[in-house]
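A single structure is presented below for examination.
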Amino acid sequence: MNVDEKLGPTRRLALGALTVLMAVAGFAAGRVTFNPNGAVVQPIQFNHRKHVKDAGLDCSTCHQYYADHQHSGLPDLALCTGCHQQPMTKSPEEAKLIKLATTAAPPAFRKLFRLPDHAYYSHRRHVTLAGLPCTTCHGAIAETTAPPPGPLVQVVMKTCLDCHARRNVPTNCIACHR
Amino acid sequence: MAITRRSFLVGAAGAGIGFGLGALSHQFPLASPHVGPDWAPNDETFVASTCLLCPAHCGIRVRLIDGRPVRIDGNPLHPVSQGGLCPKGRAGLQLLYHPSRLKGPLVRVGPPGSDEFKPIGWNAALDRVASALSSASQPGGATPVEWMVGDVSGVCGDLVAGFCGVLGTTRVSVDDYRDGSADLLGMCQGIATAPAFDLAGADMVLSFGAALSEAWWSPLHAARARDAEVAGRSARWVQVDTRLSRTAVGAHQFVAIRPGTFGALALGLTYVIVKEGLYDADLVARQVAGWEDWTGADGTPHVGYRTLVLRHGRSDEVSARTGVPVATLTALAKQFGGARRGVAVWDQGVAWRSGGMADALAIHALNTLTGRLGRRGGLLVQGPMPGLPGPAEQKAPGAVDLASAPLTATSWPAAGSDPKVLFLYHANPVASLPDPDTARQALARVPLVVSFSPFFDESARCAHLILPDHTYLERWQDALAPAAVPSPVWGVVRPVVKPLVNTRATGDVILGLATRMGGSAAAWARWKSVEDLVHERGLSLAGAGRGSAFVDRFRQRELGEVEGRGWWLPHGQKPEEFWQTIVDSGGWFDPLIDYEDGASRSQLPDGRVWMFPAEARARLSKSGRALAEGFLPIDESLEARDGGPRDFPLQLIPFRVMTLASGGTPLMPWLLEHLGALNGSAWETWIEIGPETARSEGLQSGQRVRVESSRGRFEATVRVSPGAQPGVVSVPYGLHSRVEGWGEPNGANPLSAVGRAVDPVSGLPDWQSTRVRVVRI
Amino acid sequence: MTDLEIVSTLPQDERVLLMPLVRTTKVFWRWAAVMAAVALWGAVAYVYQLRNGLGATGLNTPEYWGIYIICFVFFIGISHAGTLISAILRVANAEWRRSITRSAEFITVLVISFGAVQPILDLGRPDRVLNIFLHSQPFSPLLWDVLSITLYFTASSIYLYVPMIPDLARIRDLGLRPRALYSFVAIGYHDTPAARQTLERIIGILAVAVIPVAVSVHTVIGWIFALTLKPMWHSAIFGPYFVVGAIFSGIAALIIAMAILRRVYHLEAYFKDVHFNNMGLLLLVTTVLWFYFTFAEHLTVWYGGEESELATLYAKLTGAFAIPFWTMVACCFFIPFALMARRKTRNVTGCVVASVAVVIGMWLERFNIVVPTSLHPRLQAATVHYTPSWVELSIMAGTLAGFVLIYMIATKFFPIVSIWEIQEGRELSVHEVSERVASYLPDDLAAVER
Amino acid sequence: MARWGMVIDLDKCNGCQACEVACRSENNIAVGGPQAASEHRTISWMQVRAEVEGEWPDIRSRFVPQPCMHCDRPPCTLVCPVQATSIDREGIVNQIYARCIGCRYCANACPYTVKFFNWHKPDHPASTEPGLNPDVSVRPVGVIEKCTFCSHRLQKAREMARVETRPLREQDFTTACADSCPTGAIVFGNLDDPTHRVAELSRDPRAFRLQEGLGTEPKVYYLSRRD
């Protein structure tokens, strides 16, 4: 085995490390590619900034449940057509919206900020009772001009616990786990 | 460092393997936590309706989240169930969401015996049935149409009966729970209904094998009554039974008795009561006939019941026959005779046996003798409902009366010519008859079998057309409380959810068929739908001038008092408002009935109550059984009939479990997970035997066995239970049908060993006279 | 020159002891193939279990723990063969230890990893195993267990490795293949007297330090059971009882390994009858100790007479578990005691027979501790049974085969008997021992007085 | 601070098992099926067990419904290596399914055998998913689950009370089993609040607890005229 002889220990180590690195990268790529809960693709390239900042709409216009429900709610396209019955701009997305809204089964907006099933979160408790601003968990979603593929703020358990600790709110496992 | 070919290959191989593993990692159930794909407002609402899973018709309150039923609770306003609900009622959700529900009407395409069906439109299906009905009806003769009905409650039963009247057929068989008590009341008191035992008002309840906590007419009514206080102290419940049943566990005293000797015990109790003078002699002399010896109109002398009791009820003899110690017998008799409001209760456990009617008469005599008829805490008769309009109201002469149609299990298929069209409504004869092959052959002989089953069950597989019904959570109906409940209750069954699949209410199908047939049939079917019909009935209640929509218990008492003074406060100004209140609260009831006016004691012309009335004596003496002095049954040796104890050493007693009674259970896995509370059995038919029997037969818990009689056999799992009587094999009944697709129980039909024996006297099935042997497999 | 030629020319000790590294027989390959196949089958079974959940096992409610936990306790017990025995012998200056310590230490290091993997096989969510470190709960005996096993594994590995360095250096110097491996693991050691002295000092410290760690490992495993309220688990005796049982099974495993090595690598000259005799005596002592503890355990339960405890006890003595229980007593006491108590049967065959019995018996002991108690909870009729599924049995066979396979491979890369210690024994110890023995003897009084 | 507890009147229980089914419905407990039943793997957070004494014909029996006892000194929480189960300040012994590694140590430590393991992936056929209670998560395979005293109801009730700015009342929070009992045998409430019925009943002379001698201090009390 001549090749064996040529490779010095350093190069051999480098080769091994490279292989491990490639395998790790491959594993990650495989997991992402075949992830059943992949990137969130919305039917319409909704422009939050235009609606919230420019048009001055309230969050509850579309997310109508946030004040007194667990979920904040997502609008269906029928709600959009309340304003966009006729084209208001020349935006191709708007044209797409009007077209989609008239189909038999219009596609729905998909949830972007998602919690696993075993976590209980109530918008009423946090927004109405505790008075948290939306940005605490949703970040600068109001500034976006197109739907982001993933959440702007990664909320993990530590995020919740830190926030509770900062605000001196008790942390009890079953208050959020179910 | 330059990338050599070797390092590239090694790296690529590593990456490839890593990629594969990464992709595969999602295949394992241990992958990342499940994230709900969607959001929902999760709005919670509650809708009141009525449970149709058994004849008790308890009130239910369905919890809906965004319009989807997610839980069934009891309706706290319901006057009988008062917010309680049995496990079966709660499991109704599983019927609704069962994965094997038929998605729409089906028509057979394969040959008979095959399971090949294909979907068909509702209109095409109805056209086909209507044309078959029209061509089947021959001028002059009766239409050869037959119905088999499993549920005759409320408007649906009336629609079937009315439609049969329209079709001119009397061939209806009903698979119901008759226990012969209505028959008995008719003979003794001239009252054509089953008695209402006022359990809540009794200070002593002496139950002869009645499954009060399990499969009684209204187990919740009984459960509430057991813990009720009567005159400041809690009532005493005594259960006389052949096995330690759930009811026996819940009773204050359990008296073990040999199978088939309930009547003998009643005789023995009467003997002590007479000897101790604990009965109301004055009342008996005034109101009761047949107690003392008497001479008939034709001059023949008759022996009175008193004489018989004294001759045949001696404590030592009775004790020897029943296995109840003399001391227990005497104490029980003294307690019952001394109770101010004692009542003796019985059900199928007594009646469904050869000789059961005489036993029932002897038990009934206890109530008669102690003056418990037509008294609070005794034997009442349910107060009358206001007349409800409906499809069966104008009965043609000779029209079918569903109340007297016999039990399917014993008499179907009837002898004689086969029908041209057979409807199966809530009936599954292939599974519930002792012999599935006979049922299949009978179904195969009929040119058009129409099943309304929402599931692809054994009989639906033999049908030509399946027109699946809604579940009771998706349709309109009404439901009356069973006769065993003293006050009249009219529950509304309403759709709590839009039909999940393309099914249609059978009532609407019947109306549709009648309309299609035209002529008198179309004239009869004047309602748009069952909803229309229920609505009409509700409006008629608004005009009845009594009763109320369901209200809470304080208001119930208040209403009773107000009504007692002759006032009636309608809910709302208009009938529609009254109707709306009824729908919202779940139904209508009348809290005030005067039970002590004597009408519930006797409606015979002479106003007297008969003990062992003439008709019963005549029927008994014609029965061909060995009788003492004309009508008192003598304990026959069953061994002699079935080839002696050598071949069949054990006696078989089928019993009902709350969740198994009245079928449907195999479709509700929640119930099958908790079948036998007493021995932890689940998902299978078991037999209960005592430790002594287990030793003598060499059996152990958990073994699979075959139970064989001279008539047939079934398979089961052995449960050795200290609460089982030596020499007796008890088996739960009702786990015979199954639908593939979700949790299939290992069930068997004990009737295949029992056969279709009928007691010739009462016409009721004879389930408790079977001798069996148990063979290990 | 091939490796074989190099080794063939060496003096006796090195020639015999290095021969397995350079010559591999067909029999070896055959056995290795069989073991690899079984181990692979075990891996297949585990993948099946991963896909189907622990439902693939025969476990149920209340039989929550079964074969995996039995094997866990059993393997960790066997692991006491090496480090503990070798450390005790070293500390006690038992000269006959020289040829057996290495094989014993290998058993420890390999078996402990196979033992430690068992609870992970038993986890419902092996993907979350890191939670033990991320969210530790200091009161859980399971956490202590993870820590003590990790410590023991580390300590044993070092304790195996350090005394092996001179041999590895020698192999490196001989130029045996794979050279990279040997030059890497020999870490530049050169056998000078100073290096040797440092080495021996380190070994001395390690030998003392590893003993409490080994004791803690099995004590904590005993506590896993004893700290619950379960009948016949909740017992103060469990810590020492488990330690004694572990040493007991460890000695037995070591005897079996010695006998096999002696046979397959023709090491009769190194594993001599005296070694078996001495090990047999150790086995005898631990047999008696085991019996004493077992008796004490069961007596207290019987005397206490608590209802649920008695139910478990009688299930073992006369009930459903009578066969495993009395087999265990026979295997762990009567057979080894009868064989080891007599000088005549304390030969190689006798020792092996007794050891095989003890290993089987000790597996049954773990079974008798885990299963009868699980099936007799304080509240519930005992109608439940436990039958291990094919998955559990396959994984058990797979781990056992995996252990044997890796042990076999280890003997192909590392000398299974410490060469330098043998040589040291030949060169120094004879003199040292006679001096030491002389120091034990009574002094000449006249000389002292003068 | 509340201390939630339960009183079960065995003299009233008639073994109807409505509590078991109500609990299944409320807590999305998966159906095991005949296979699981034959393997003793059925999950039921509430179990009605029958105690039978004597021999035929002098035999008596009673039903003992058994949920998690929610011990004040729970043996299960101490042994958990990952803090997946713990007792909270109001005495509810919880189980965090997302944390649990499935070692089943807690199940072994529990003297009441009321912790259940998901041997298989819990099976909820697709058509039954709309009927699942959205307030309770569906458990994954390989974790322990147990009665939580319907703590999801407590979350909602407390939130509702805060919305209506009033204290939590007795009727606001009760468990599904207590709700469902047709004979009213199961009573739930705050053991430390003298106005709650459980507080009164737990001091009844008939009251006892299971395995009291173990010192686990269960918060489920039983009432029985029999010893």
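Before moving on, here are some points about what is shown:
Think of it as A, B, C and D in the order they're written, each chain with its own count starting at 1.
By definition in this document, contacts are C-beta pairs under 8 Å (C-beta built on N, C-alpha and C of every residue); 3 or more make two chains touch, one makes a residue touch a chain.
Since the structure is predicted, the reported quantities are computational estimates derived from the model, not experimental observations.
In terms of Cα centroid distance from the overall Cα mean, chain D ranks first. Taking C-D and A-B together, the chain pair joined by more C-beta contacts is C-D. Centre-to-centre, using mean CA coordinates, chain B is 66 Å away from chain C. Computed centre separation for the pair chain C/chain D is 44 angstrom, with centres defined by C-alpha atoms. The mean-CA centres of chain A and chain B are about 54 angstrom from one another, to the nearest whole unit. Separating the centre of chain B from that of chain D, both taken as means of CA atoms, is a distance of 32 Å. Within chain A, contacts with two or more other chains are made by residues 116-118.
The residues of chain D that reach two or more other chains are 42, 49, 98, 121, 138, 140-142, listed in rising order.
Of all residues in chain C, those that touch two or more other chains are 53, 125-126. Across the complex, chain D meets chain A through its residues 86, 88-89, 92, 94, 96-98, 135-138, 148, 151-152, 154-155, 159, 162-163. Touching chain D in their complex are the following residues of chain C: 52-55, 57, 59-65, 119, 122-126, 128-129, 131-132, 134-137, 139-143, 146, 224, 227-230, 374, 377-380, 384. If you check the complex, the residues on chain A that touch chain B are 3, 11, 14-15, 18-37, 65, 69-74, 108, 110-111, 114-118. Residues 1, 6-7, 10-26, 32-43 of chain B touch chain A in their complex.
Taken together, the chain D residues at the contact with chain B in this complex read 12-18, 20-22, 24-26, 31-34, 37-38, 42, 44, 48-50, 52, 54-57, 59-63, 98, 121, 125-128, 130-134, 138, 140-142, 176, 179-184.
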